[in-house]
Amino acid sequence: MFSLTVRDHMMVAHSFRGEVFGPAQRLHGATFIVDATFHRPELDDDNLVVDIGLATRALGAVLGDLNYRNLDDLPEFAGTNTSTEFLAKVVADRLAEQVAAGELGAGARGLTEITVTLRESHVAWASYGRKL
Amino acid sequence: MFSLTVRDHMMVAHSFRGEVFGPAQRLHGATFIVDATFHRPELDDDNLVVDIGLATRALGAVLGDLNYRNLDDLPEFAGTNTSTEFLAKVVADRLAEQVAAGELGAGARGLTEITVTLRESHVAWASYGRKL
Amino acid sequence: MFSLTVRDHMMVAHSFRGEVFGPAQRLHGATFIVDATFHRPELDDDNLVVDIGLATRALGAVLGDLNYRNLDDLPEFAGTNTSTEFLAKVVADRLAEQVAAGELGAGARGLTEITVTLRESHVAWASYGRKL
Amino acid sequence: MFSLTVRDHMMVAHSFRGEVFGPAQRLHGATFIVDATFHRPELDDDNLVVDIGLATRALGAVLGDLNYRNLDDLPEFAGTNTSTEFLAKVVADRLAEQVAAGELGAGARGLTEITVTLRESHVAWASYGRKL
Amino acid sequence: MFSLTVRDHMMVAHSFRGEVFGPAQRLHGATFIVDATFHRPELDDDNLVVDIGLATRALGAVLGDLNYRNLDDLPEFAGTNTSTEFLAKVVADRLAEQVAAGELGAGARGLTEITVTLRESHVAWASYGRKL
Amino acid sequence: MFSLTVRDHMMVAHSFRGEVFGPAQRLHGATFIVDATFHRPELDDDNLVVDIGLATRALGAVLGDLNYRNLDDLPEFAGTNTSTEFLAKVVADRLAEQVAAGELGAGARGLTEITVTLRESHVAWASYGRKL
């Protein structure tokens, strides 16, 4: 199995609901370093997993909708705890839509899986992986 | 599949038995940067893999029993080569006991797997993964 | 010249005023990985720059006042752009007060300088250094 | 499952064929930070995945054939796009040959899988994993 | 003293002249992770060292002239060993020209120093610092 | 001012004397990731700070005398707290001797300063810098 990963980041505000979150119930923020990994069993005709330029652009587009936002204000996340692991799924699902829409090129049809990791600090990170 | 990772470290002395270890047969030491990764297929009701505070505390407790020790002196490791890969299993198994004992909270019942990685330097590390 | 550095982090929300900030004028957030470096020309009687436990505790105390906060709500920062470089100075100045108050131990009297670095992402960070 | 990883690097020149590569069609170069990960379900009699010294030497030997080279000049890569993902497979396959030839020691017979990751920058990397 | 650093990278081919370089006399390549650090004693009116967007764009422009190139082919480097330390100076000097030309904004007039670090691998890097 | 840095590591056991050290008074150990930085105002005739191969070999030789050792057993450290900051000075002073002895080549005569950083974990490190 082959994979290719590209990295970008976003800087957001949010708050959590539930006693388990302690002080993180207050409005605070995070830089998420985001690694998007694309998997496939065989390379395409150019010897690639996916065009790295298109992958980087797609990740940038997905993060651009969240970057410099207070996630508490976004209708799509109303009443939702936007935990690191939850956001990993949001990014992975949106990248999967981009793949399906052909935004990562024709060669990307061979992709079989996406994994997204969000690093919230030097001591904590979360991932979500799914089939395509 | 979702995962959450927390990082901590420990600083121990030890020595190895067997010619394969060369100079590492002498008493020496290591800083192990320890990443504990918890896996589960679905998030809990708070949108979490596991409470990050409890996970950090559990990892700290497991490492606290080994930290600032000469592993050669611990009865549980008598006659055992405490290699990086072996210690990864020790940490993973002890974390699994903590999960079973409820130390990571009720939500942690949904965890299905643990992976532990010990980094012994910038050029070498080892992992052990197991089901829960 | 000797130095010792300890690392911790904080997760805050804030917004900026001024066109130069573009989309960062919106409420957003950041994880700041914070490195506090203590300098001195000679080591103390224990062969230390400073007690690493006290240094870590002091840094934790300084960051604890800011962590999980919306900096826009703190009276001390009213009308102030809490840029990464500005916050580096805030942390350095507060650590300097801790040194002066004896919170880092008697040996810390030999410290001559503090440098604080805040990493806001994997591609941007800022520092502030001052004499003690 | 256990794993052990060793890291080394190589510095090569190469160029790509195909419009998808844009400016990378020109002769350019890369430092590849190479992580070779060896997997097995149980440790050997010394409590090891593989002798770390032999693993490091084997990785060094594989990279030594490519290091400080213009890959466009190597007959084995004639007409081939030596993408990061392709090179990950080259390194993994050559390490697999070394394992089969006994270069990683008798204990290495228990290895079941190899994964190789090549980091081409701080924002992009590729992996290839295979059975042994 | 304050500083702000932004990171980018470039991927180049080159070769060296002189026996001291051993196998690096052959045409090979490197990824240089480039950190550009801007220094000044006081912040500007926006509480900034320099506009991070303009700094990133300026660094990108400087690296864009070298990226995906064989440095041996560039007239400006004819007969020159483009060592990591030499390239650090090239980048720093070109950034200094951008500052002087106003490309980093009016506020950048307060900058007093630039340091540029090029990381050629995980085990070697070089820096050059100069006054403005 | 130019600088060049090379990285290596050592794995040692040791213990400390003095209540300030708490549990670190027990025999324990550390991996020290060691960065040796060589400074000079102008490059040599090959456009180098120092031959990177010779610098790496010199650092390896200095660390080789300490690696896989219990520092408490070395006569040269009898009754001495081998703190991270103290060891940074030991490494820097021994590298300075190597420079003076011509082990880093004739070009190394232009070196004016050495800085050595020892990273004991992902959250703590120490440095020592001296003139040559």
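Which chain is which? They are A, B, C, D, E and F, in the order written, and residues in each are numbered from 1.
Definition applied: contacts are C-beta pairs under 8 Å (C-beta built on N, C-alpha and C of every residue); 3 or more make two chains touch, one makes a residue touch a chain.
Remember, it's a predicted structure, so these values are computed and weren't measured experimentally.
Undergrad: What's the farthest chain from chain B if centres are computed as the mean of the Cα atoms?
TA: E
Undergrad: Most remote chain relative to chain A, going by C-alpha centroids?
TA: F
Undergrad: Check the residue numbers that chain E and chain F use where they touch, and answer same if over half are used by both copies, otherwise different.
TA: different
Undergrad: Please work out which of C-E and B-F is bridged by more C-beta pairs in contact, and write that pair.
TA: Pair with more contacting C-beta pairs, C-E versus B-F: B-F.
Undergrad: Rounded to the nearest whole Å, what is the centre-to-centre distance of chain B and chain C, using the mean of the C-alpha atoms as each centre?
TA: Computed from C-alpha means, the inter-chain centre distance equals 31 Å.
Undergrad: Between chain C and chain D, what is the separation of their C-alpha centroids in Å?
TA: Spacing between the chain centres: roughly 41 Å.
Undergrad: So, what's the distance in Å between the C-alpha centres of chain F and chain C?
TA: Chain C and chain F have C-alpha centres separated by 27 Å.
Undergrad: Chain B: which residues touch two or more other chains?
TA: 7, 122-123
Undergrad: Under the stated contact criterion, what part of chain A meets chain C in this complex?
TA: Residue positions touching the partner: 7, 9, 11-14, 23-24, 26-33, 67-70, 73, 120-123.
Undergrad: Please give the residue numbers of chain E that touch chain C in the complex, ascending.
TA: Within the complex, chain E touches chain C at residues 1-8, 43, 46-49, 51-53, 56, 105, 107.
Undergrad: Flag every residue of chain F that touches chain C in the complex, lowest number first.
TA: Chain F reaches chain C through residues 16, 18, 20-22, 80-86, 88-89, 122-129.
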